[in-house]
């Protein structure tokens, strides 16, 4: 699905990724974890082609991402902060994204799921943060792409929507899709992810299941396992 | 009075002596003008029938009326002067004169009047000429309704349309002159009236005026001439209701005044000239009710101009209203309308409450470094002009219109 | 690209600022024409407004739009779209909506005033064309500034600085250098100096219409050729087009290299 080889990226003097090698198989939910500044977002954005790597190659479905935009047809992306042109109506935004990608019939189902019906005729600028995030999620799941990238998907969601989101993720997984998630909420990660990738100082420190991580760190609890990695490395 | 008496006597004499009527045509017994003039008696009428007459050096030495029917062509074949009138009381009417000889030593004219009086030159069409109508030491004549079309390109090998030299009391009306050197040229000619003429596209001046006093020119149009109109070394000139238009170029003016004194410039329109009026060494001139529209410089004052008054003129959309090259000002600007005026009129009396300064600092800069004209209407220029307006340093601080009008003046 | 353009454009023409901008020009046009009732004067005043205000609004608006739609841009970047088409689309959206406010805002009062019957129509069209060019140029410059500066405050600072530089400071320096080198032949220099600043270029273009009588008073042969024939008009337009193309190319280049 995704293969990353020897990925380097620095912003000015700040080296963020120092040779990341990662290959992600088809299917399953992978969580990318790591402390602040470990390069999670940079890694994801590199896959999306938003950040241009200094070195290394990234392939999605076998297509090199460099100077290519077509491979993004395989990806659905949920950005961390959703901000839309404030003068467009929700309906128009949906139409626009459909227009930009390809038509889909998935939207009716999703509108109902997230109860977006009453907001369709409102301007995006007038929506609350939570509703915006719903629209954001809605746009992500509207298309049936094999790879879904979610950057902090839980931000600003009410508990009901959060449950729906989890269900949705599970549904997509059941369809055999690959889902890449970053999150700070450890319980959320623990609950849904099949595999985690732990980034530390620009390198992959750990890749495997949560159970493997617990074994490796000799911790019973996932949060503690993470904490122990961090304290080990900073002690 | 005595002169008019003579004219009346002459006419009376002409009528009583049973003036003969002579016809000239190619198939007549008299087939040339020269022959006709030779055969004619004083005060005879010669009628020239349509046709082409290849003649030059036609000397008219007795009072005659030479009248063309349907514009017969008198072709000078580029050999020299066509008509020379050396007698009083000659009328030349309705001829088409072409191909006047060109010479660098002699000023050949289509028609020359020499030392004569009471002549009438009218309804002539002149083409391919060197000089057109040349009046030399001749007085009390009329030049009416002639059309002079030259093909001048350079100054040195072209002549003037209508030239007066030591000729007084001449009336020049309703003529149309184009593409010669100077459209109308006056030298040492006093008490002339130049009225309703159009002088356009001439190589040098539309009207050129030297050492000629007490003349009036009015209702003329001077358009697109190489250097506009030049009025020099003269006094008591009246210039009324003329139009000066589109005289563009480096040394081009609507009107150039040089050493002109005690004159009146009233009711004229200066439109789209590089310089509307350029004034040098001219004193005691009244400028009133003139329109200065869209000129580069409406008025350029180049020093030694005293006690001139500019009142009730309209200055409309000129790039520069007034340019001065000195700090001294002895001229009066009052009650004019300036479209560039930005003041206010709180008491609504039609007079702006703050005086207008027609001279801008920028006009000094352009005067000094002409290339800076390229910065015209730049915001930076507006800023420095504004600061100069607030506290004049370079411009004469008494050069003010204290009563700027808030509405365009009509008269 | 056309799709992005379409949506940015629709987004913008519904924004409050477009209306403010439109209303401002409408008001200006009405005041100039109906309170003053002097078409020639109106055209001159408009010229001053256009060469000063249009670049300012173009830069500020361009920078503002870029920063405000940053997250949305990121959303678009994740779509299967070429980067250059995203940015060109947004740029054209901004530039076109601004131009439309300008053209309609000024055009409507002039049409009501009876522009089509007036011979000022050419002067006026030239003003609008120049205004549109300036909008396109300064919006492109604004996008360049914003693309190169992630810091909003800095971006706005540079935008204002750019405007100050081109609208005022440049002319000051230009004037000083002309006076300083007045002993040398300057007509080439002064024309080149004009070409290098889009505001001066537009000003010159309008001068060709409004002040041709004054411009022809200068002796230089090159000046004469430039202002006396259609040569000046053609060169000015070519330069304006170059002034649009260069920053737009830099937008494309810069956007291809940039990390988001």
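We just call them A, B and C in the order they show up, numbering each chain from 1.
Note that contacts are C-beta pairs under 8 Å (C-beta built on N, C-alpha and C of every residue); 3 or more make two chains touch, one makes a residue touch a chain.
Chain-to-protein mapping (UniProt): A = ABC transporter ATP-binding protein; B = Nitrous oxide reductase family maturation protein NosD; C = ABC transporter permease.
Just so it is clear, the model here is predicted, and its values are computed rather than measured.
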Subject >> Centrality ranking, top chain (CA atoms only) >> reply: C
**OP:** Starting from the Cα centroid of chain B, hunt down the chain whose centroid lies farthest away.
**Re:** A
Original post:
Any idea how many Å lie between the Cα centroids of chain A and chain B?
Top reply: 87
Original post:
Once you find the CA centre of chain A and the CA centre of chain C (ABC transporter permease), what distance in Å lies between them?
Top reply: 41
**OP:** Could you please state the distance in Å, as a whole number, between where the Cα atoms of chain B are centred and where those of chain C (ABC transporter permease) are centred?
**Re:** 46
Original post:
For chain B, which residues are shared contacts with two or more other chains?
Top reply: none
**OP:** Note which residues of chain C (ABC transporter permease) are touching chain B in the complex, please.
**Re:** 38, 40-41, 44, 47-48, 51-52, 167-169, 171-172, 174-175, 178-179, 182, 186-187, 189-191, 193-194, 200, 203-204, 206-207, 210-220, 223
Original post:
Residues of chain C (ABC transporter permease) touching chain A in their complex?
Top reply: 3-4, 7-8, 10-12, 14-15, 68-72, 74-83, 257-260
Subject >> Footprint of chain C (ABC transporter permease) on chain A - complex, ascending >> reply: 9, 11, 45, 48-52, 69-73, 75, 77, 79, 81-88, 92, 96-97, 99-101, 139, 149
Subject >> Residues on chain B engaged by chain C (ABC transporter permease) in the complex (per definition of touch) >> reply: 248-250, 252, 272-275, 294-297, 316-317, 319-320, 339, 365, 368-383
